[in-house]
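Single-structure report; data block below.
We just call them A, B and C in the order they show up, numbering each chain from 1.
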Amino acid sequence: MREDVSAAFDRDPSATSKLEILLTSPGLHAVWWHRISAFFYVKLNWHLVGRLSSQWGRFWTGIEIHPGAKIGRRVFIDHGMGVVIGATAIVGDDVLMYHGVTLGGKTLERGVKRHPTIGNNVSLGAHAIILGDIVVGEGSQVGAGAIVTKNVKPGTVVVGKL
Amino acid sequence: MREDVSAAFDRDPSATSKLEILLTSPGLHAVWWHRISAFFYVKLNWHLVGRLSSQWGRFWTGIEIHPGAKIGRRVFIDHGMGVVIGATAIVGDDVLMYHGVTLGGKTLERGVKRHPTIGNNVSLGAHAIILGDIVVGEGSQVGAGAIVTKNVKPGTVVVGKL
Amino acid sequence: MREDVSAAFDRDPSATSKLEILLTSPGLHAVWWHRISAFFYVKLNWHLVGRLSSQWGRFWTGIEIHPGAKIGRRVFIDHGMGVVIGATAIVGDDVLMYHGVTLGGKTLERGVKRHPTIGNNVSLGAHAIILGDIVVGEGSQVGAGAIVTKNVKPGTVVVGKL
């Protein structure tokens, strides 16, 4: 948890102290909440409890992370309102994302990986929409409002529609 | 209400039971809440009570449906955070929409139909923005992030800007 | 406060009374809340209290205004869910903005003006994203979903990407 706070502080230039981050960052709270929800959903296989916990987190933070999603270390969601992360999404370490980001699906089929895999050190701008079982390669930067439905090679800058 | 839950379950591939849908789907709760708000606003003509009820629903679900809007049967709003549906919007039966969808206006004129009419079986992707008194024809699919300000013929797939 | 209510009433064609606006407009409440948060943050230099107050306002209204931001008179935020206004943003008088608008930064540098300056009488459509220390000139209209990263001359209509 200490490293989460440090990661957030480093990437939020308007923060004036780590205590401020700890108390006022909905993105930090959402990721911590997710770890509890995922414990119920994935470890204990208590699906209903995991989902209830996840929705309760959404109510408090405005950020919806399905308890089945895998979230790496030091992931920081800034502002966060409207973020939706789907059940089979995988988010790598040190990912930075902003409010309104969607990691969504393109099919209504059950039991398949339908959501994106986001590599380490990727940044996803405000309202970026990433759809389908694609990979956004390590260190890529996806611009605000971009819509991505194809694989992105590591280290790529993406703007507009891909 | 039973058909609402079934419709939601069929179109949410990550759901593991109907009880889960019933308890954790903000989109379902928002539509039910809307029926109460619309009863006050339209049937009883108690505008203030209808609007207060509607805003209370927004607070709990993140979905804002003006109590004057007409919402069809088996409409399912998935995730739902940030959805805004205007006062003179009409949404047909079996419509599926995602979070961040706007059914908005283009004019500040009072007393006219300012918002879209969405046909039956239409799907509206995440963050799609539909503006003005236009018709999105039956069975059309509007992609995530699309901006639509013109009529859409039935059965059309819309992406980008129209 | 009276002029705020009047300004909101004039620009919300679905409102049926000023009492309705006073009780049900999250945008109005967010601006008032901001004045309290800014008092703590800017006047008293109590950063933590200002930020806590600001995040509490976000929880109730869905609108996040950093307490360091400068907001003019008769600013009206309609619907408002998902609005994010950064710490060094300046918003002029009589600005009208819709839900999902971002006044954000493009750099993680500390201690510099990183957010936009919005002139008087500007309107910002739903989900418009304005990034960086740029100026959107007086009376300009930024369309729904537009992405703006360059200065906008007064009186300009902006759609798409700039």
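Definition applied: a residue touches a chain if its C-beta (ideal position, glycine included) is under 8 Å from a C-beta of that chain, and two chains touch if they have at least 3 such contacts.
The shown structure was predicted, so the numbers you read here are calculated from the model rather than taken from an experiment.
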Set of chains adjacent to chain A and to chain C: B
Interface residue identity across copies chain A, chain B - same or different by half: different
Rounded Å distance between chain A and chain B, as computed from the means of their C-alpha atoms: 25
Set of chain A residues in contact with two or more other chains: 62, 81-82, 100, 127, 145
Touching residues on chain C, where the partner in the complex is chain B: 11, 13-14, 16-17, 19-20, 23-24, 26, 60, 62, 79, 81-82, 98-100, 126-127, 143-145, 160
Residue ranges of chain A in contact with chain B within the complex: 47-48, 51-52, 54-55, 58-59, 62, 64, 66, 68, 81-82, 84, 86-88, 100, 102, 104-105, 107-111, 114, 127, 129, 131, 145, 147, 161
